[in-house]
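Some structures to go through are shown next.
Shared between the two complexes below is subunit A, which pairs with subunit B and subunit C, respectively.
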Partner chain A sequence: MTSTRASEAAVPLAGRRTVPRVYRHLSAYLMLLPAVVLLVIFVIIPIGYGFYLSFHRWDGFNEPVFIGTRNYIRLIERDDIFLKAVSNTIIFAISVVLVKNLLGLFLALLVNQKIRGVIFFRTALFLPVTLSFVVIGLLWSWVYNPAFGLLNAGLELLGLDNLVRPWLSDPATALGAIITVDIWKWTGFHMVLFLAGLQAIPRDLYEVAIIDGANAWTRLRRITLPLLAPVTFISVLLSLNGAFVRNFELVFVMTDGGPNHTTEVVLTHLVTQAFRFGKLGYASAMGFALFLVVAVIAFTYIRIGRSGTYNF
Partner chain B sequence: MIKRVFLCSLTFVLTLLAIGSVAAQDGFVLHVFGPTSLDNLGSMAPDDIQQQVEREVIDGFLMENPDVADVTWDAQGPIDGGVTRLLTAHLAGENMDVIGCAANPTNGAYVRRGVLRDITDDIAPWVDRFEPASLDAYTIGGRVYGIPVSPVSTSSFFYNVEVFSELGLAEPDSYADFIEVAGALDEAGYIPVLHQGKNVWMWPMWYFETAAQTMGDSIAKTVQNLRGEAKFTDAPDVEALARIGQFVDDGILDRDSLSVDWDGMRSAFASQQSAVYYGGTWELPWIEANVLDFEWGVFEFPQLADVPGTRGHGGGPDSGYCIYSGIDDEALPHAVAFLEYLSRPEIADKHLGIMEPLATSIKGVTVVESAIADDLRSNHFPNTARFLDWIWPTEINDAFQSAIQGIVGGTITAEEGMAAIQDVYDDLVFDGYSYDD
Partner chain C sequence: MAYAAGDNNTDSFGDVISRHLSERLKLLLVYAILIIATVQTIYPLFWMVFGSLKTDADLFNNVWGPPRVMVWQNYIDAWRIADLGARIGNSIIITALSLTVLLIVSSIAAYTLARLQFPGRQAIFLIILATMMIPPEVTVIPLFIVVRTLGILNSRFGLVFVYAGTSMAFSIFLLRGFFMSIPPELEDAALVDGANRLQVFWHIIMPLARPGLATVAIFQGMFFWNEFFLAFIFIRQAELQTIPLGLVNFFYRYSADWTLYFAALSMVTIPVIILYVAMQRWFIEGLTAGAVKS
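Here is the complex of A and B:
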């Protein structure tokens, strides 16, 4: 068997003019340059500046004052609301990551069947993904409204009056109500990821399994889930990241962290501290603490993924 | 071909005209920045009238000040986002000369963060135009940071007179009366009192009322707390918070209020689902325009039992105008001239008069005459004290909002709520806060 690579290897090196590696890839570097410049200006420098600010007290109007690690110490020792927000963020993250992926997989299995109207079902299930958080937040605030909301009206219609409650203002249900909306919005996205994965699995594997007498559950366990592992990895990683850093809009629109901080997440607390109380340095410290948590979780997750059966 | 030449020529001419019109705007432009939509002139009036009056007032100013080519007016956003909007505008370097400054954030945040110019000397020649009590709302440490340009408000319960008559109920005077009234309303299928609790910034109004009665002089006690001479966890403070919870426990205030916004509260009242709601006199223009199917009235917050104090409703001049501390030297005389123009009684009569005020921060403005207005002026105003959230720093205000939500929702005790507020205060002190600075 011959290959181009093998032929190239056969050419004596002495006969070649050696070009420094950087010049050989000059065009690639040049093409990357605009993106890198934008990345540095709009991402790297602000992150660096944010890190610098996290060691300062700054209200946005006056000069920043260096206070060392005081912002970080305060996060842990003095800010009960931050700890509450961390706890809520973790509850939010665990719930949405689990449910969105399980439900997404379940729906993908359903809409992967050859059934009448499957395109309609796929589109309908994906539709919430296309709506903005503000629209969804307002829409669901009306659904949950205790006076004229659809949810309570539906429960009353079904004779379940004992379940009727002010969903967003009852501390026992407020966070759960928001989590439900986030799951509703994103499940369609994860369904599409899993659907793409399912459609990439060769059909003949299933045919062989059927000939061997494997039932549906065995086929799912032995063929579908193992071959979906790369997609599952990406899907979980995306939902994990989103659960920590994309929960602001929904909470802000629906409850703004209330009642009495029962739905406060780190991002709403951060924004309040930064822009309402003018504690931009403290908010920066909070942002870096969150960054650290997300980085550790993501890194650990990726390491576990790499050490498993599948390399990603 | 001829068509193309014609279209190109037309485009060229239109471009020249556009450039010409921009050039014609050459001259100084005064920028008024309103952190919220309530920072428009005559904001409580219907939109079309408000815009007409605003244009009329600005045109009058421009006529008198030929050096000023235009006045831009950018006021938008919700009330509770005002501080955020001003901060982001400042950080983004937006043009701001005059700032629409509600008394609440002016006292709670703007002055403390150095956003506003000390205008004591600038307004000295015409300072007599303002009611002294109203000017006090913009005076901090003896220096004036804004001019009050606003109707003066007080707080009140608005109620459905016809429902009360049908059920044989009188306006409740004491807390015991209120419990009886609420029971009768509930039995008749009405929500006794619905509050716009989703707007968390409205909750402290209940605290102003209870604190006035449990503390006696709630303003003096608040200042003591903020100076560190007393604590928010003292018995009268805790009692004031506990009394709000009692309104819910005794069936007067509906717990669902936590999910009700301004529109929801008003529509429940207008559609006769709720018989009573609590608010400020800023409700009057809306209620007069929209509640046409039944007679409505007002009554004061009830006198609580076993408390040292008497009624004290929150009130004052809600909004005003300030000058941005970063204003440049060229803009300053125009900004001062604009404030002077807005506060002339004959001009204020235009932009405040359209809101049909009970009283105003500027002397000589026409006030509304009606039986309700007389009732409010003679009975409610004498019992009105400055809103406490004009004294609290923003952080304390937010802590109160959360604590009251917790009390109304039944998730915390009054002791826990006030301890959380004291923690916020301690944290402020830790950060260098001092009331007298």
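Here is the complex of A and C:
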């Protein structure tokens, strides 16, 4: 803020020419215009328009018919697949947020020790982050494949034949199998975040603690975790923000919501309703519900973060 | 190792030995866990490459191991049937154009928000901050209608503007931070010498902001290259499809040519892995910094 003022003040102080205020503001608005136009067209209008559509019945071609809150009521009262999708989305979100962060922190603590090959482990574990969900989804649907899949072959090799199953077509394991893949993709990412946080903690804090006789567990609880709080905040926020919506690709590629909707998530149901059955108003209601969930989580989380240790 | 608990002076010889042993054991355990984690991360990728070179019989009977005979023909067939050349071309065009539009538009806007004072500055920034957290997935239906109304459905340009528009807020936020960290004195000198704002921006700020631009380029470039959901909604014509769409399309059309799928997947994945390993520091820093700054 202060630096900005200094920069602005320099112009009149130098007195090189008298620029009319309006003109100077005009140039600022002109410089913002392209970005604002793109934002309005592709982000802001869709949010408002989606809200509008969610109160209508619409096939996408004829006039939208206003039906009040009937779409929302139907979602909650008559659409069992939607409720199943909501519960799956929540299970997906909670599991991936918890496991990615815990596993990422655990691996970061391991890699952060004075060991050889840190760069190698970091490079290898981060690799899946760079691959697309489609590539990873296809690859893992083959790993789970009952005929030639890596997983069943591995279980047989270890003598665990009773665990062998068609992972993606068994209703008991399909959702878990997809969740595992999402965790597989992102754990390395969270490990790198935590590792950066760990490396920023001053070494002498630990040395002092050791002299005071603190054991490893106490040092983790009293030094590492509190000082890691800002990184933890970011890491959880990032996983949380994507957890409700970055699940379409994996589900679509691996099971397409099956078997019998056991892996259906809100986005797959939304796309089916909109583009297979042409229920655009109904799908908009689903989208807006999802929007509210994401927005409420993001804002609550940022409020908590702001009042706590971390500041933007 | 350096943090073993206790007071060294009073340790007996036996204590030292047992502590040394337990340190060794701990190190061994750490390595064991890291190696298991690494193997389960990269073995599936080796397995993909193995599968791409196998015969059908080999794929089903020799699940774990490398191919007994190398079937390079898989690559030739997969390239031709999946029409990978066209898909790779589309992905390159769409990613490059989206990045160009995004970087130019967002850097000018970010600079304006970082340096200029004007009425409404705070309000515009708050709107950008608020929309940054909204993923395009949740507004996909109205977004579809907007794109259809504009007549840019089923067009590479349409997808480019959707990508640039939905990544705009994030990119502006990130670059604004970089611009604010550049000392304003540099620009003041140029402004005094009679340069205008755009000249200052282009000749002084942009070269200094290269690390920030690189972060956005890696982070968003990766995102555009890998993106499936929006492309799936907005591109329905086969000849316009990007790589992720093409792979899914290929996979659903030829349901038994497993080795060809492995080959197609390997062909699009290996270049990304090579690029990543060659520039791993850039990738890791760009992707994590990009995410954290948001």
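Please note the rule applied: the second predicted complex is superposed on the first by the 262 of 312 C-alpha atoms of A that agree within 3 Å, B and C clash if a C-alpha of one lies under 4 Å from a C-alpha of the other, contacts with A are read in each partner's own complex, and residues count from 1 in each chain.
Please note the rule applied: a contact is a pair of C-beta atoms (placed from the backbone, for glycine too) under 8 Å apart; a residue touches a chain by one contact, two chains touch by 3 or more.
Just so it is clear, the model here is predicted, and its values are computed rather than measured.
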Task: subunit B versus subunit C as contact partner of A:L158, first or second or both or neither - done: neither
Open item on the list: Output check: A:G258 vs subunit B and subunit C. Expected answer is one of first, second, both, neither. What do you get?
Closed with: first
TODO: Have a look at where A:A147 lands relative to subunit B and subunit C in the superposition and call it first, second, both or neither.
DONE: both
Task: First (subunit B), second (subunit C), both or neither touched by A:G60 - done: both
TODO: Answer with first, second, both or neither: which of subunit B and subunit C does A:F277 touch in the superposed model?
DONE: first
TODO: Quick one: name whichever of subunit B and subunit C touches more residues of subunit A.
DONE: C
Open item on the list: So subunit A touches subunit B in one structure and subunit C in the other; where do those two contact lists coincide?
Closed with: 60, 147, 271, 275
Task: Touching residues (chain side subunit B, partner subunit A) in the complex - done: 83-84, 87-88, 90-91, 109, 113-115, 197-198, 200, 255-256, 258-260, 264, 268, 273, 394-395, 398, 402-403, 405-406, 408-409, 411-412, 420, 423, 427, 430-431
- [ ] State the interface residues of subunit A toward subunit B in the complex, per the touch definition above.
- [x] 57, 59-62, 74, 78-80, 144-147, 166-171, 256, 258-262, 271-272, 275-279
Task: Of all residues in subunit A, those that touch subunit C in their complex - done: 3-8, 10-11, 14, 16, 24-25, 27-29, 31-32, 34-36, 38-39, 41-47, 49-50, 53, 60, 107, 110-111, 113-115, 117, 120-135, 138-140, 142-143, 147-150, 153-154, 157, 184, 188-189, 192-193, 196, 206-207, 210, 213-216, 219, 234, 238, 241-242, 245-246, 248-249, 252-253, 267, 270-271, 274-275, 280, 283-284, 287-288, 290-291, 294-295, 298-299
Task: subunit A-touching residues of subunit C, taken from the complex the two chains share - done: 1-3, 5, 27, 30-31, 33-34, 37-38, 40-45, 47-48, 51, 59-60, 63-64, 105-106, 108-109, 111-119, 121, 124, 127-128, 131, 133-146, 150, 161-162, 164-166, 168-169, 172, 180, 183-185, 187-188, 191-192, 194, 197-198, 222, 225-229, 232-233, 243-244, 247-248, 251, 258, 261-262, 265, 268-269, 272-273, 276-277, 280, 283-284, 287-288, 291-292, 294
